[in-house]
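Remarks on the structure that follows.
Naming follows writing order (A, B, C and D), and every chain is counted from residue 1.
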Amino acid sequence: MNGGVLSQGLLPQLAFIVVVGITFCGAIIAVFHRNILYNVLGLALALCGVAGLYVFLGSLFIGLMQLLIYVGAICIAMVFAIMLSRPVHLPKPKRKVSKMATSIFAGLLILGVNVGVIYKTAWQPASERKLDWSVKTIGDFLLTRYVLVFEVISLVLLVAMLGAIIISRYNGRTS
Amino acid sequence: MKTLLFLPEIYYTVMALILFLLSVQKVANRRRTFLVAFGLASLGVFVTLFAVKMHGYLFYNAYKVDLFSQVFKFMLALGLFFVVAVCDNLGDISEREHAEFYLFLVTCTIGMMMLVSAVELLTFYIALELSSYSLYILVPLRRGVGFDKEAGVKYILIGATASAFLLFGMSLLFGVAHTTYLPELFKLFPSLITQPAGAVGLMLVLAGLFFKQAVFPFHFWAPDVYQGASNQVTTYIATASKVAAIAIVIRFVGLASQNNELLVKVLMVLSVASMTFGNLVAIIQKDIKRLLAYSSIAHAGYVLIGILTMDTTGFASAMFYALAYLIMNFSCFMVIVKVSPDGRNVWVKDLAGLHKRSPLLAMTLMLGLFGLAGIPPTVGFTGKFLVFLAAMQKGYLALVIIGMINATISLYYYLIIIKAAYLLEPDTDEIPPLKVGFGLKMLNYGLIAAIVLLGIAPSQLFDIAKAAASVLY
Amino acid sequence: MNNLTLYLLISAVLFSFGLVGVMMRRSLIAILVSIELMLNAASLNFMAFNKFLSPDTSIGQIYTLFIMGIAAAEAAIALSIFLALFRQLRSINIERARELRG
Amino acid sequence: MFTKDPILLACTVTVVLPFLSFLTIICYTRKWERVSCSISIGAILTSLLCAVYLFVATRHFTEPLQYRLPWVISGKTIIPFGFLVDHLSMLMLVIVAVIASLVQIYSLGYMAGDPGFSRYYACQSLFAWAMMTMTVAPSMIQFYIFWELVGLASYLLIGFYYEKWSASQAGKKAFVVTRIGDVGMFIGLVILLLYYGNLSIVDVNSAAVAKQIPVPLITISAILIFCGVIGKSAQFPLLTWLPDAMEGPTPVSALLHSATMVAAGVYMFARLFPFFAGSEQALQFALLIGTITMVLSSTMAMVARDIKQVWAYSTVSQLGYMVMALGAGGYFAGMFHLTTHAGFKALLFLCSGVFIHHYHTNDFFVMSRQGARNLKVPMVCMTIGALALSGVFPFSGFFSKESIMVALAHHPNKIWLAAGLFGEVLTAYYTFRLIFVMLFPKEIEDHGHHEEEHHEGESILYWLMGWPLIILASVTCVLGFFEKQFEHYLFADFILAHGMEHGAEAAQAGGHWLTITAIVLVLIGVAVAWLEYGRKGASQEGFLSRMPAIEKLFANRWYMDHFYRWALDMIIYSGFTNIFTRNDRRVIDGGIDGLCRGTEGSGRIASFLQSNMVQYNIFVMVAILGFVALSFLG
């Protein structure tokens, strides 16, 4: 569970660089590639990279969860949606330079803000730290402090499922 | 009994369960569904009223029940009751989806009730998403118009972006404060706000909340969604959801109540921009729901004036304004719903001859609009007055003046609607009188009385609001 | 790789990528992909703070877990609405959805 | 509490009854017209009785009596509601109640058969309630609230004939224009509240007298508050709404534009007079505005052909006189003129109402040709009113104008006096122009036979309209002789309350030459009118018709509306022509309509921010958020 094995030495550093590279490559493919199927695959790649980062951050559990839920469920759902709407065959109009420029400008602006925040803030670790990485603690928290959240998210998922069914239900009268 | 503290939420969850059971029945019966929903919603008002005086912590301090939250829960229950009361003719939602329609209204209400009580970031976030998702689903539920899906898409896109910002802001707050409990954050905040991560984090969180409240520049969804969603859903978004938004904005701005000048300045700019933008654009609208969407943006600006004073009086005035807004806006929307029995969108000119078709509805509409315009002695005037007074006590004179000028501008388009209802003659000769049933009549009388009486005698309510605002942390 | 700033920078870049995608892409599904990236950036932030600063190393993990759940719900709703729009417009190009104006 | 204090009881009854009547009519009795009008008239008559009782009961009171109930407590500020009973408010209360009662009775005849009969009476009650509550307000906040309500009620009444496009436009114009003034007033009040901390009328006045408020503060807030007067009392430069507001039913014009609503501005000026008097500049400003208004509107009246327009312009000019009087320090003169003017102007409007009702036209040249002078009662009454208006002895207007002239004469700068005297000539001229035209028509179309039939059917209605005329006419004849009592009544209060002797005794010593000059000038005016319109074979064309440029100038209201329009074009439209190509630019005459269009235009510009492209919207959102966050980085 502990990321300690990975935290020193040349090999781990190399591994880290690879993971970061995968993440960014995936993100770039997800955002900039013009084929929508590649976008989803890029997303899956980026998510795998992030899962690797989670492992570096000390939580194998969350990394696995990321793979299961995100890559295994969400990306597959998107692929289904693509299959249902067949956008791959639709004509692709040319990109507008102005739109690209404005959105990249906004992205850089937010990036600038974030970099500013990262470097200007004096990040201080908490005075007392409990370094407890066991899954059991997470489970404990889920059933004590976050029990309400735990219950409510089931409601959220129920609502989402019901809603998805109702909205996408084919209704003969429309169109 | 600690469980009793959770009574309103439990009640509405049970209500959701009952509606869920109704939704899986083979044969949909719109009348029965309506009656069940209506009965439960009206009972819910009393349940929340019963729970008003409760206070205490739940779920390991993640959930705080106090006067502030309970008053807002009461308002939310009232909002839900109002909306369900005008759902007897859901013209543009297919019959077999009625139960789900009510179900999503109720889950949204549950989400917002948890929202006003949550004092832990994750609880808060999940509650926020519960209410948002219910609304995302409700908007494209409409049938028969071409643009409901488009409105739904725009809503969820802007909403998801805003909530990503909110989440990012929360992560910054967590990183800089090491805690996720709002009361602890409140204690730490004077030092936190000097850190860029604290200030930017709060601003990003506020951005997500301003999205719910439709403050400029996070308002872009409002006109499209108001226009695209069915009349009843718009009513809900414009009343109950706005009330919850005001509550949570008060909660988060209250974090920084130790006079952070820059934050006040930013809020001032947003408030002025909201008022001016909303009022100016509202003038050229033809679709009433769209017009009221812009007016709601303007009203978000007025409420912000009260909130940015960052003291108990200001928060109390904003709370008062929230209730006033709930009542006045509902009055207008109720008339819109009733004028269009088949659920089509109402244009300003469609109101022509309303005073002949139904004098009572026309009267309610007029009072509601006068309230929104802030003309005495309606509750709208009192609300604006209290908000401006709170700002004046802080010396924000320019802000008050801009608010006043905006109120004058807003009068122009409210008068356009009133003129349509009272002074215009319909194009066609036959004007079928609108049937106003007994229940609706009572509702109308109640609204009229509330608009006028609360305007004339606001002091008791304002005292409650002050008491509620003083227990914020 | 063992300092906070590095992870925060990665997350900031991911967030900006997502943001650019949201504003630039025409395809609704691509926009949804970009939004997932933004959510992931926030998650990564939580995990990084969790590792280096937080008093209790479980909190950030729980946040990340729940964000995943929320993202799944969001994707479900968004995709269903996109599909409904697709049936109407025969396209998932967001620029085609421009009927509401004024 | 009520039983122990009959004055409080009477106040409450006076104020609450019309409101109850409004509610009853609007909720229950819309369908039964007779019930509606009985309720309304009964309420206003009871209020009148109570008002008279209060007037009598408090005539010897030396201290103003205040009843206050805290309405809202916010922070340190307490906003009270209640009644302020002193001589000034009681006088105004009686005036309002009398005029409102007479107008409502008169309306029985005038509005008979109108489809909106009940609605009309509901609005009348609403108006009476707002006006009377405003009159007795002890604090400026209450004053302001009901001031707005008065505006609202007037909007409903002016726009009453909603079938007419121009009527609803006029109602809107009146409402919006007065609100423009009100913004200034509200800001003035806010400034006063901020730096002085109290808006109680009595406190503000006594503090100003005791020099507890710094003079610059008084000047600024007084001038801003005066903006409210400019709006409501139709002073320059916002005077154009009042003539347009004549679109409402004539009794409404009588009520609103003679006695009550427009007088509210002057009343507020008088109410806060000690406060205004604390600043020399503020008074100068008022004097200037009043004078400009008076002269401008008199000239406009000289060329109008619509009978109601003439009276409307004359109202504006008389209001100008009142403001001049107050501005020159003549507190009593202003209030006295307000009182007399309320009587004779209501009389004039109600008389014109009879003619309009009878002949279905507003053009007095046409009326005259159709034999207007055959309607004896209104014709005689109108002549009495006209005599009073132009200030002929012994009618009430003579006395009040006289006292205004005296007040002006005491002002060190004599130019104001000259302007006032010049105004007298103009007033006499345009008044008698109308009277002579009505009395001595050039040719009479034969309608005599037709007349008789008409009379038979409508005689009850005719007399319902006639009696209020006769009452008002007799009041106009005798009111002037009560000048001394009047002065004593107002001044006893004033001096005791504020310890100011603002030329009270000096006014007595006005030279006889002034009286004589005034009378001569009036006679000149009348004579000119006689030469041109009255005498046999008169051309019935004013001397102005020989100067077409000036006539056009006057007829177009000195191009004020055009100027507003032009300014708006220059400022708002010129830069954005392209944007407005989508905008159907109908020809709009009014400047204020132009203002509304201007706002609409900026609405269109602002709506460009609201693109239908959702990603562009997200970009705006993110960019603004980004810049805000950058500012937080410091």
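FYI, a residue touches a chain if its C-beta (ideal position, glycine included) is under 8 Å from a C-beta of that chain, and two chains touch if they have at least 3 such contacts.
Just so it is clear, the model here is predicted, and its values are computed rather than measured.
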### Message
What are the mutual neighbours of chain A and chain D in this structure?
### Response
B, C
### Query
Once you count every C-beta pair in contact for both, which comes out on top, B-D or A-C?
A-C
### Query
Rounded to the nearest whole Å, what is the centre-to-centre distance of chain B and chain D, using the mean of the C-alpha atoms as each centre?
41
### Task
Report the inter-chain centroid distance for chain A and chain C in whole angstrom, where each centroid is the mean of the CA atoms.
6
### Message
Quick check: how many Å separate the C-alpha centres of chain B and chain C?
### Response
27
### Query
Any idea how many Å lie between the Cα centroids of chain C and chain D?
63
### Message
Could you pull out the residues of chain B that touch at least 2 other chains?
### Response
122, 126, 129, 133, 136-137, 140, 152-154, 157, 161, 172, 175, 178, 196, 200, 223, 284
### Query
Touching two or more other chains, which residues of chain D qualify?
607, 610, 614-615, 618-619, 622, 625, 629, 633-634
### Message
Two or more other chains touching the same residue: where does that happen in chain C?
### Response
15, 18-19, 22-24, 48, 53-55, 59, 62, 66, 70, 73-74, 77, 81-82, 84, 88, 94, 97-100, 102
### Query
Think of each chain as a node with edges to the chains it touches; is that a line, ring, star, complete or other?
complete
### Task
Write out the stretch or stretches of chain D touching chain A in their complex.
615-616, 619, 622-623, 625-627, 629-630, 633-634
### Task
Note which residues of chain B are touching chain C in the complex, please.
122, 125-126, 129, 133, 136-137, 140, 146-147, 149-154, 156-157, 160-161, 164, 167-168, 170-172, 174-175, 178-180, 223-224, 227-228, 284-287, 290
### Summary
The chain C residues in contact with chain B across the complex are 15, 18-19, 22, 28, 31, 35, 38-39, 41-42, 45-46, 48-49, 53-55, 59-60, 62-63, 66-67, 70, 73-74, 77-78, 81-82, 84-85, 88, 94, 97-100, 102
### Message
Help me check something: in the complex, which residues belonging to chain B touch chain A?
### Response
13, 16, 58-60, 62-63, 94, 97, 100, 103-104, 107, 110-111, 114, 120, 122-123, 126-127, 129-130, 133-134, 136-137, 140-141, 143-144, 152, 172, 175-176, 178, 195-198, 200
### Message
Which residues of chain D touch chain C once you look at their complex with the stated criterion?
### Response
607, 610-615, 618-619, 622
